[in-house]
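In the two complexes below, chain A is the common chain; its partner is chain B in one and chain C in the other.
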Partner chain A sequence: MASSTVSRVRRHLPTSPWLFAAPGLLVVGVFVLYPFVSTLVNAFTDRRTLIPGRFVGLANFRELLHDDMFWIGLRNSALYVLGVVPALVLLPLLLALLVQKNIPGIGFFRSAFYTPVVASIVVVGLIWVWLLDERGLVNSLLETIGVGRVGFLSDQWLLLLSAMAVTVWKGLGYYMIIYLAALANVPRELHEAAAVDGAGAVRRFLTVTVPAVRSTMVLVGALSSVAAFKVFSEVYLMAGPDGGPAGEDTTLVMLVQRTGTGLTGRVGYASAMSVVVFVVTVGLMLLVLRADRKEEA
Partner chain B sequence: MRISRRTFAAAAAVAVVLPLSACGSGDDGGGSTDASGKVEGTITFQTWNLRANFKSYFEGVVSDFEKKYPDTQVKWVDQPAEGYADKISADAAGGTLPDVVNVSPDLVAPLAKAGLALDLDKAAAKYRKEYLPGAWASHRIPGMTGTYAFPWYLNTGPLFYNKSLFKDAGLDASKPPKTYDELFADALRLAKKSKGEVATLANVPTIEDFGRYGVELMNKEGTAFAFNDTKGVELLTKYKELYDAKALDPQVLTATPESSGKKFLTGAVAMNPGSALDLGNFKKQAPNLYKNIGITDQITSTGKVNMYVMGVMVNSRSQRKPAAVAFAHYVTDAQRQMSFAKKVAIFPSTAGSLDDPYFTKEDGTDETRVRIAAAASLKNAVNYTPVLFSEQMKTALRNEVAKALQGKESPKAALDNAVKACDRLLQQQG
Partner chain C sequence: MSVLEKVRPVRTPAAAREPRATDEHGRRIRVWELALRYLLLLAVLALTVGPFLWQLSTSLKGPTEDIFSSPPKFLPGDPTLHNYQRVADTIPVWDYAFNSLKVAAANVVTNCVGSALAGYALARLRYRGRRVATLVFILAMLVPVEGIIIAQFTTMRELGLNNTLIGVVLPGCIGAMNVLLMRNAFLNLPHEIEEAAYVDGANAWQRFLRIALPSVKGTLAVVAIFAFMGAWDDFLWPLIVLSDPSKFTLTIGLNYLHGTFANDERVVAAGTVIAVAPLIALFACLQRYFFRGVGEGAVKG
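Right after this comes the complex of A and B.
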């Protein structure tokens, strides 16, 4: 009797965790895994929105190699990483140092710096478009001081730089909060010891603060590089659905959206591009983490 | 019950293979084209951003139809303008396309090719004579036989211009340009007089511009594009001159219809296409502009303006085809189109409707003047947008036009590239 109870318990025990996990697994399966696997499979077909595809092997990937727009998208996404990530690793740290001290009214500044994070990206994009327009506030100011109007939204490179500036402006507050948490864990004694040894503010920053928050910097670098490579909204809102003049500001994700949607969308081809985005972002993550591990060693 | 590795592997395999099952499983057949039988059952009717302004009109149409056919029920759904094509494509791909759908010819083409649009030449031929022949033909697809939507309302927007900007440049504000040659001359003069401060247009040439300039857009068979001919190159070369002279807005290469409209509102550009609906906006948002507003016909060198056509399509896989066809016809018949035209600045596609005094008699107001001029121009208007010209093709053309305007490519090379890209996309559409 006792042994049969034990065997029954053994038989049933493993089921329970699965039952508890089932709702979550179902959601993850349907909304995460299935679309992911579906994208992988579609990448090897010539599927279109309304017409089921046939297996075409590596044809989509071969076509990507000869697609000028793909290379433009890849270039712009890579440039975005190079332009945005260093700024998003350093500036929020400096900002966090500024607002770290508990002085009267500091809460206002912390909230002000965090406001762009919670603002809708569409609203943010529209505001910056108004500011940077040929007849917008920034150009009016530049004209007043004799610089003349600058084509922030009409020049290929200035447009990309403007979009990067918006990404940095919007992301500062988010990473600042992460750094604030990390800075709170830096022992005060280290700073005090360095100060006793005669280290100035810059030296204390380089020898005490930076090493103490290095792992947070790696995390911020990894998160911001993946987000930067997948940028869509800022460029879409500022450069328009075509991706700037002659599509020269198109990023990879914009290209995926443009290629794969609509009644005549090339779902298979867009999926192949998505696979490239996935591989590059995973690669970026691994690269950053590997670099971190090497330094630790 | 232990979940063994084998079970897990099998589940993973199913997850991988499941999406593959979608490949090749589609049914290209559009189902039966027989729409005879009793008009009964519940159908869904989808419109394109019409609920906000015409709720009571459509509720009336639905209620009248249900009274006429007591065994029917119509569920009216309206979708916003933004992303309408994406909504249709998601529904079409997911098998949830409504029974009756408001479409434009370029939306009908891929749906018809996928076998989702009912051929009305077979299913509803008896209604054909009620519509203008050109309107009925507007939903035919090159390379296919049949007509795939009832023609609904037609539209042809006027061109607005800022009289005071014209006067400042020493131009006669009572004689706006009518042809492209006149437009180019006036635009260069406006730019010169304002030292590049005032542009005439805030949009680059579209496929409709090529059509109105007299360029042959496609070959006769509808199998390849042809807008890279001498005339097409000539048009783009002239636009390049305008761009260099700052007669086009500096941000023209990233412009959208909305941004162009705003530029016109602020007086940064002198001319902008629009519709009679815009007059109300000008009155409200830019009273100074409204005082100086000039209204003229679309620029055309062919003598024929561009006409936009709306249609009502019947889903070929509808389970209630007789009711769907009857309702699609009901919404688009002469009586309903006429009453809709009196609510908004659109024009009926039904035979004889444009001869109604509403479209021919002046009453001294600007709105009536626009309406009468537009109705008159519709009689020989052309829908210059090829029905097979997809969104991806529009982007390809805009990108190549931008390269030509920036001087990165010659107009000829840019148009050759655009035609090549569009032909490739056309072939991929199948």
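Right after this comes the complex of A and C.
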């Protein structure tokens, strides 16, 4: 009996590849693709956490248009992209140039600059809440040099700016590594030719380095803009679950989380917001890729 | 080939390995430029690592020491571990750390096993529907987690796994990204190494386990590291799925500690040090895997 089963398995080997892929397909299907489809479906229902929903057509989307909180969330997430992306495209490139040269101890510096990437976002958020506190280190340094204390975490706009600074701070090392890999592929002849022509460091950066890593800059732009639009943890930790003074610092994903969870969560309405998150995310990707193609042409 | 000729190429790299400051073209760097570089490096170092050290310093300051002084005091006057005791008195921090460890360990095992198996199936096995299977993983990789998190939450409720550590692990337990990483690793292996085994009658499982898998240990290590870090650091999903404080992971516990103990920064600081120290230690041990492919080649100069 047993031996015949074994031989049957051997003869029908073509089925075994599916056994290899099955766990992965199952997990991805149940926890990614099914939720994706059900988000799209739920967006057109009034489903709540404990109450199955009825089809309501575009009612959720119509409600979004009149929901002040939604517009605040959308505004803050969009501002986040505008604030964070230029910094994350440029600063890590400069940092990569700084750590590119093989000087003694450079390995230590590279690893050290990567530490904020390794640390969990909650730790990073809480560290910066303390640093930017009314009585924290940054303010006591500012007071020592005579500037006076600044309410980084109490003013609506300063809070958003502070959160952006933290996002940039945490992302520096990650994008630095991506740029390092790209810089390794820049042909040295280009630099040498430019140097022979008498180009200084700044000029060589603009005429040789930037064009050579341009496609990497586009990639970093795409990755960081998508991530910035979906920001949650930094703002949640620094502004609190309700999004700072009068909720003015709420981001779109914070709003999704707040609306759709808990026993009374409005799953349908939160799903409609999630659809906006999808659409904008895909839109950002297409925008960046299109800008890339235009420049190439 | 004489012995001398064999020896010579060994000596040259040995000489080149001596500490020598060169730019990416192998030229020496001038002293003032070198000094400027180190100055900048130290400035960035202070900016990136300084906040962690400040947090560590705060966590070691005693209850009588003024942590709000201006100008700030960078070193604790009378270092004490008292605050770590107080974290443990406020929240079951060691239980939370153990929960995080369980979640992270489970995530490492499932991701390594699951994505190696699926990656092998996508790269090395021939069957109808392989392209479709690959497409499924590519599509899954493109779906932003933040956009489906509410539906994941309702799915988890339907499965009755809400508020369990299994529920925390499941959605990310085989990441589509990891599957594609493993697929690429297997694709890069030369076919010849498996052909011999195939001729000898080894079936797919034997070829996978004995031949292919040992050749992709590097990628597997990368998957393991990122699976561990991802699970240990995750915040949004555990925040949504866990409601019972006794089941919290460390990140959610810290958020809770911050909420209830916001008035004593020493205690919160001690909590963050507990959460971040294992990761920094892990990173320090495994850092060469983080810079794989980057440290080699032109960067080394």
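Rule of thumb we're sticking to: the second predicted complex is superposed on the first by the 274 of 297 C-alpha atoms of A that agree within 3 Å, B and C clash if a C-alpha of one lies under 4 Å from a C-alpha of the other, contacts with A are read in each partner's own complex, and residues count from 1 in each chain.
By our rule, a residue touches a chain if its C-beta (ideal position, glycine included) is under 8 Å from a C-beta of that chain, and two chains touch if they have at least 3 such contacts.
As the structure is a computational prediction, the values presented were derived from the model and not from experiment.
Following the overlay on chain A, a clash is recorded for the pair chain B and chain C.
With both complexes placed on chain A, chain A has more residues touched by C than by the other of chain B and chain C. In the superposition on chain A, A:Ala246 makes contact with chain B only, while chain C stays out of contact range. Within the superposed three-chain model, A:Ser38 lies in touch with chain B and with chain C [touch as defined at top]. With both structures placed on the common chain, the touch criterion links A:Arg135 to chain B and to chain C.
Of the two partner chains, chain B is the only one that A:Leu153 touches; chain C does not reach it.
Shared-chain residue A:Gly265: touches chain B and chain C both.
Contacts of A:Ile51 after superposition: chain B is touched, whereas chain C is not reached. Of the two partner chains, chain B and chain C are each touched by A:Gly29. When the shared chain is aligned, chain B and chain C each come close enough to touch A:Trp18.
Superposing on chain A, the segment of chain C with clashing C-alpha atoms against chain B, chosen from 4-12, 148-156, 202-210 or 256-264, turns out to be 256-264.
Annotation: chain A residues 14, 18, 29, 33-34, 38, 42, 47, 49, 133, 135, 261, 265 touch chain B in one complex and chain C in the other. Contact residues of chain B toward chain A in the complex are 1-3, 15-16, 18-20, 22-26, 28, 85-86, 88-89, 92-93, 107, 110-111, 113-114, 116, 249-251, 253-256, 259, 266, 268, 390-392, 395, 398-400, 402-403, 406, 408, 425, 428-430.
Put simply, chain A touches chain C in their complex at residues 10, 13-14, 16-18, 20-21, 23-25, 27-36, 38-39, 42, 47, 49, 95, 98-104, 106-107, 109-116, 118-123, 126-131, 133, 135, 137, 139-141, 143-144, 169, 172-173, 177, 180-181, 183-186, 188, 191-192, 226, 230, 232-233, 237, 253, 256-257, 260-261, 265, 267, 270-271, 274-275, 277-278, 281. Residues 11, 14-15, 18, 29, 33-34, 37-38, 40-42, 45, 47-55, 133-135, 149, 151, 153-154, 159, 239-242, 244-247, 258-259, 261-266 of chain A are the ones touching chain B in the complex.
Chain contact summary for the complex, chain C toward chain A: residues 19, 21-25, 29, 34, 37-38, 40-41, 44-45, 47-49, 51-52, 54-55, 58, 68-72, 113-115, 117-118, 120-122, 125-127, 129-130, 133, 136-137, 139-140, 143-144, 146-155, 157, 170-174, 176, 179, 203-205, 208, 229, 232-233, 235-236, 239-240, 251, 254-255, 258, 265, 268-269, 271-272, 275-276, 279-280, 283-284, 287, 290-291, 293-295, 297-301.
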